[in-house]
Amino acid sequence: MTEYILAKYNYWIYVVLMMIGLYAMMGKRNLVKKLIGMNIFQTSIILLFVSTGVKKGGATVPILMHAGHEHGAQLIQVSDYLNPLPHVLMLTAIVVSIATTGVALATLILIYKRYHTLEEDEILAIRRESRAYKTPRILNPTD
Amino acid sequence: MGEVIYSAKPLWAVLVSMGAAFLILLTGEKARNLRESWTILAALIKFGLVFSLIKPVLAGKTIEYTLITLLPGVALQFRVDAFGLLFGVVAATLWIPTSFYSIGYVRTLNEHGQSRYFFSFAMCLSAAIGVAFAGNLLTLLIFYEILTIATWPLVIHHEDTSAIAGGRKYLVYTLTAGCILLLAIGITYSLAGTLDFVGGGFLAGHGSPGLLILLLTLFIAGFGVKAGIMPFHEWLPSAMVAPTPVSALLHAVAVVKAGVFGCVRVILFVFGPELLQQLGVWTILAGVVAFTVVAAGLLALGQDHLKRRLAFSTINNLALIILGVSLLSKNAMTGGILHIANHAFMKITLFFCAGAIYAKTHKDHVSQLDGLGRQMPFTFAAFAIASMGLCGLPPVNGFISKWFLCLGAVETHQIVFLFVILTSAMLDVAFFFPIIYNGFFKKPLPDVAGKVDEAPLLMVLPLCFTALFSVVFGIFPNAFLNFFNIVRLAVTNVLGG
Amino acid sequence: MSDQLPALIIVAPLLGAFLTPIIGWWNRHLSHPWVLMVLTIPLYAAYSSLFKVIKNGPFGYNLGGWAPPWGIEYRIDYLSAMMLVLITTIGFLAAINAKSAGNTEFKGKEAQFYTLFLLQITGFLGIVITGDLFNVFVFLEISSLSGYGLIAHGEEGAPMATFNYIIIGTIGASFYLLGVGYLYMATGSLNIADLATLLPALYHSKMVLVGFAFFTTGVAIKMGLFPLHIWMPDAYTTAPNSVSTLIAPLMTKVAAYLLIRILFTLFKPDFALSVVPIATILGWLAVAAIVVGGVKALAQTDIKRMVTYIMVAEVGYIVMGISVMNRAGLTGAILHIINDACMLLCLFLVIGAISFKGHGREIYHFQNLNKKMPLTMAAFVIVALSMCGIPPACGFFSKWYLIMGTIVAKQWVFTATLLASSLINAVLFFRIIEKAYLAPPEDVAAGLDHTEAVIITRDKVPLTMIVPILISAAIILILGPLSGKIIETVIQHAVPAIF
Amino acid sequence: MIWQLDILLLIFIVVCAIAAINIKDLMGAVIILGAYSFFMCLLWTEMGAVDVAFTEASVGAGISTVLFIAAVNRTARRSKD
Amino acid sequence: MRNWFKLISMAAVIITGALLIYGTHDMPAWGDPDSPANSHVSPRYITEATKKTATPNIVSAVLADYRSYDTLGESAVIFTASISCFFLLRRIRNKEDHND
């Protein structure tokens, strides 16, 4: 049992992080808080990916030590180096997440300019009011 | 089924009025004479094309044209057999007088939206011919739906509250029917894997009896809406708000007949008499339509609005056609199918008369027609001839079809149905003869002119023409268009031998 | 040249996008012709790859020359070639349309607008063409990010709608990424074809099951499948017209494509048939989507919002076709992807033209519109008929296959839903057509003929708007009778053989 | 790879995450988010993903925090939840 | 209303989390060098990358060579985001200029 926990506890903590982030995205009213949650959510996924590349038992960072030597290539042991692929993917994912955050913040500023608040329920109230004002229903007896 | 000729004539027959429709739209309101010459030109060409198909079909050949594959095993296909040809000939022939009549009507009443009117009219005809020549259920459905949509602008033509309400009712009924048909055809395809019409049916041996009965119900409900079978008839009287030529051609010939045509196609060419005998549902079907026959006749008695009375008479006669077919005996079938053509000629005359009266005097209620026969003798004479035909009196063509229907009812040993047919003839007498009597013999209302003062020639000539032909076809059923032979051939195709 | 076609499809618009700001900075009036010019390349490449696929069967393209499981592969088979053609065609028409509307909606910022426009198309193309799960994610993000930017520039409520879209869309993309992660942990591969061979042995692994669940949820969010559609109506209603013309028809369709890929290529059909009850779940969600979409659409008076709810229902159609798990249903779903994209394109083009001429989008604003914009309204009628499933417009044929699918699967509730929905569509559209084509009954009653009642001037819709409208309306009419041909040459090969 | 350190970092991260979404002062929340990213970097370095850690340190902890601060500066600082 | 929504999102989050944890059950133990992720595709990167690309950092080698189109996509993402922000925020400045 202990072994099982030791083998899995990492994953569970990632899942907890994801849940925190997801909850903030869905349940929080403040838009900045939603974005913070989004960041947490995305980093936890990145963490999950990165951890798939981990190898126990002496593997080191995926930078070859004997590069340049002609015979160095033969000496490369797969178990000596961490799996590089998740790292590659996650470099992209980090950039994607920051890009999303950037666009989201830009819309956030637009929203603030328009409504002078960042609380979702207040904005919704304002919008409902303005929509009711902007589109008067013409009562048409034939409709 | 004899030799097959591959020819694009059916396609051209469909396309010619569609092309005319777009020319009409392009020409527009400014060049009225040019616009209307498109209609007449298309009508003549269409008639010529359809007429040229009669000879090969009577020689036992089938004309086929496949346009494009729609589903595996089902193409957009035209196949002209005797039964389809009958409907096609009726529609194409009657379009010619209706075209002239329409021109007279809309010009006399100075209607608005004439381009839209003629456009929709041409589209309707195109679709009707498509329905007639469709080689399989899917093609039939496609043109049937086009017909539905193309008729709508005609129904709402007046754009007043009752027209819009009538249009909505029409759409609700017919679009629902379209959905039901889609379902029915889908089930048919999944059962049989084909949709091509075969004389004598192709569904035998597929599916359980329960499913087949359900399928038949769906089909009859789907086509029955347009055919005005009770309880789906409600839209037809409401749709009488349309201009009279529309009521004349579409609600006596093209649209409602398309419904009847579909019913007959399904009964004879999808299910087939043998399968229906096995399922034993033909008595139920015949019972339902027999009820419609009598009920519609009774309801017609109570209508004071002339066109509504004619509408109920239409429902009555359409049900009579389906009754004839569902009796499944040779003579009844002959009578039923022949009645498609005969009823068309008679009913279009009646509607023409109603329109002529309205255009001249703005009267549209039965009670307002007293003494009008002296002012409009030709119109009323035509009306009298056509109503005699509908009552089944010789020498008008209605007599022949009713005669065969009675023979068929006797053949099946179901005296009930003979009784129904005779009752309906009595009812016809009851609701038509007072009109004629009042028109000719009652004291004229004060606003009736004492002298002969007919509607414009463009309206009177077509109605005289159709009335004349009703009599001609009564005396010589095989004159010109060979209706009787075509019907005989169609029945032979179904029953074999 | 012809060997490099797949790379060209992505690289050309991408490079074009990189260059657009420069061109726009030089002379902003050049950006529109430049975009059109750039888009002809993927358009040509997409059509020639489709013909190549039809002629020689599916082919792959190894980027950088690395063999598939190690490098990234672009895979063009029947389905993706068809989608490429769809995307490039619709993108091209939307780009033509963008000129007039875009120039007023984004005055002074045409260059950025067209850059994002190209990136959006690149994203869609990339999702469809790539054979690598992670690459799909990257392109998904490109298309989403450019979409966020474009939509947020819309009318009053747009930023808020976009923010919701960003949050929900990011959840969707992240779920997708989680799915990729779980599958990667289970197999060690990212290549779809490679995974498809590795996965069958692992179908009962919990990792794969969870990965699958997150995949489908993520894609369903992007697709706007009920109940995950909540972002969609707001976002597409408030988006600028020239933007919703591009995104609304394509985003849901590309996501639907992904769903088909996941269910039938990545996982084999028997996974969905025998391992997870995904078909049942999807089917009932589709029923709910159609019903809710239809009812909500009935409640709308703003036509653009109404169309977005119709989109919810249309997504339901596609998913229903997928969920019945038979040949007819899936054929219908794929056919409906094409048809619905064209119909929505035409609808949004029409709405764009109406708004461009300064008419409101409420239904009562449609009064007399047929006199003012006869061609536009004619196109609208064609789409309306297609939406109601009236032949020979294309909507009828996809509906036919969908109904066949439900009949074969003996799912009568599904059949009934489909039929009822086309009636709802008829109500939705005919009330607008009535408004547009008929004079108000009060006028008629008062004896005013509507030719006399109002002196109506025709609105001159610019050529760049009316031409795409007419082309798309023509496409709707042509696709219908051609559907048999399309199925024969393309779609039947895209349906898994076991159906 | 020392599991005690590992678990310590993870606990820090979770605490930072919870704090970041619960603090009512947005500026504080953003700065805590920066700290969260920083701990994340440490964790990744410890896992051997140096490239990812570098990127996260510069992009996640750096640019992202700056963007957040800039945005919060231009908008409201207080949050209701 | 609001609490009701919070409850729903909480439930959704818990379901998601439970699903994710359920998925971890079959995961290879943490840091297992023989897990599929570490043994299917990646060994070839480690052994061949230097030979093929002459870069000692395998991550860079994979990033820039094997999966170079991901990287191209990545730069496109940044480009998209920056253009988006520019596109969105510039209007405000214009408007302010106008208003002031």
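Every chain is named by a letter (A, B, C, D and E) in the order it is written, and numbering of its residues begins at 1.
Simple rule for what comes next: a residue touches a chain if its C-beta (ideal position, glycine included) is under 8 Å from a C-beta of that chain, and two chains touch if they have at least 3 such contacts.
In this text, all values refer to a predicted model and were calculated from it rather than measured experimentally.
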**OP:** Determine the shortest chain-contact distance, in steps, between chain B and chain E.
**Re:** 2
**OP:** State which chains count as neighbours of chain A and simultaneously of chain C.
**Re:** E
Subject >> Furthest chain, CA centroid comparison against chain B >> reply: D
Original post:
Which of the two pairs, A-D or B-C, is linked by more C-beta contacts?
Top reply: A-D
Original post:
Which chain wins if you rank chains by how close their C-alpha centre is to the centre of all protein C-alpha atoms?
Top reply: C
**OP:** Averaged over CA atoms, how far is the centre of chain B from the centre of chain C? Could you give it in whole Å?
**Re:** 43
Subject >> Inter-chain centre distance, chain C versus chain E - centres from mean C-alpha coordinates, in Å >> reply: 25
Original post:
What is the distance, in whole Å, between the centres of chain A and chain E, each centre taken as the mean of its C-alpha atoms?
Top reply: 7
Original post:
How big is the gap, in whole Å, between where the Cα atoms of chain C centre and where those of chain D centre?
Top reply: 38
Original post:
Touching two or more other chains, which residues of chain B qualify?
Top reply: 161, 164
Subject >> Contacts with 2+ other chains: residues of chain C >> reply: 134, 138, 141, 145, 148-149, 152, 178, 184-185, 190, 441
**OP:** Scan chain A for residues touching two or more other chains and write them down.
**Re:** 6, 9-10, 16, 18, 22-23, 26, 29, 51-54, 56, 59, 62-63, 85-87, 89, 91-92, 95-96, 98-100, 102-103, 105-110, 142
Original post:
Considering the complex alone, what residue numbers of chain A touch chain C?
Top reply: 18, 22, 25-26, 31, 34, 38, 41-42, 45, 48-49, 52, 85-86, 89, 92-93, 96, 99-100, 103-104, 106-108, 110-111, 114-115, 123-124, 127, 130-131, 134-135, 137-138, 140, 142-143
Original post:
Which bits of chain E are touching chain A when the two form their complex?
Top reply: 2, 5-6, 9-10, 12-14, 16-17, 20-21, 24, 27, 29-33, 35, 37-38, 41-43, 45-47, 49-51, 55-59, 61-63, 67, 70-71, 73-74, 77-78, 80-82, 84-85, 88-89, 92
**OP:** Can you check the complex and tell me which residues of chain A touch chain D?
**Re:** 6, 9-10, 13, 16-17, 20-21, 23-24, 28-30, 32-33, 35-37, 39-40, 43, 46-47, 50-51, 53-54, 56, 59-63, 82, 86-87, 90-91, 94-95, 97-98, 101-102, 105, 108-109, 112, 117-119
Original post:
Hey, which residues of chain C end up touching chain E in the complex?
Top reply: 10, 14, 17-18, 21, 63-64, 66, 69-72, 106, 108-109, 112-113, 115-116, 119, 122, 126, 134-135, 138-139, 141-142, 145-146, 148-150, 152-153, 178, 182, 184-190, 198, 205-207, 209-211, 213-214
Original post:
What part of chain D is in contact with chain A in the complex they form?
Top reply: 1, 3, 6-7, 10, 13-14, 17-18, 20-21, 26, 29-30, 33, 36-37, 40, 43-44, 47-52, 55-56, 59-60, 63-64, 67-68, 70-72, 74-76, 79-81
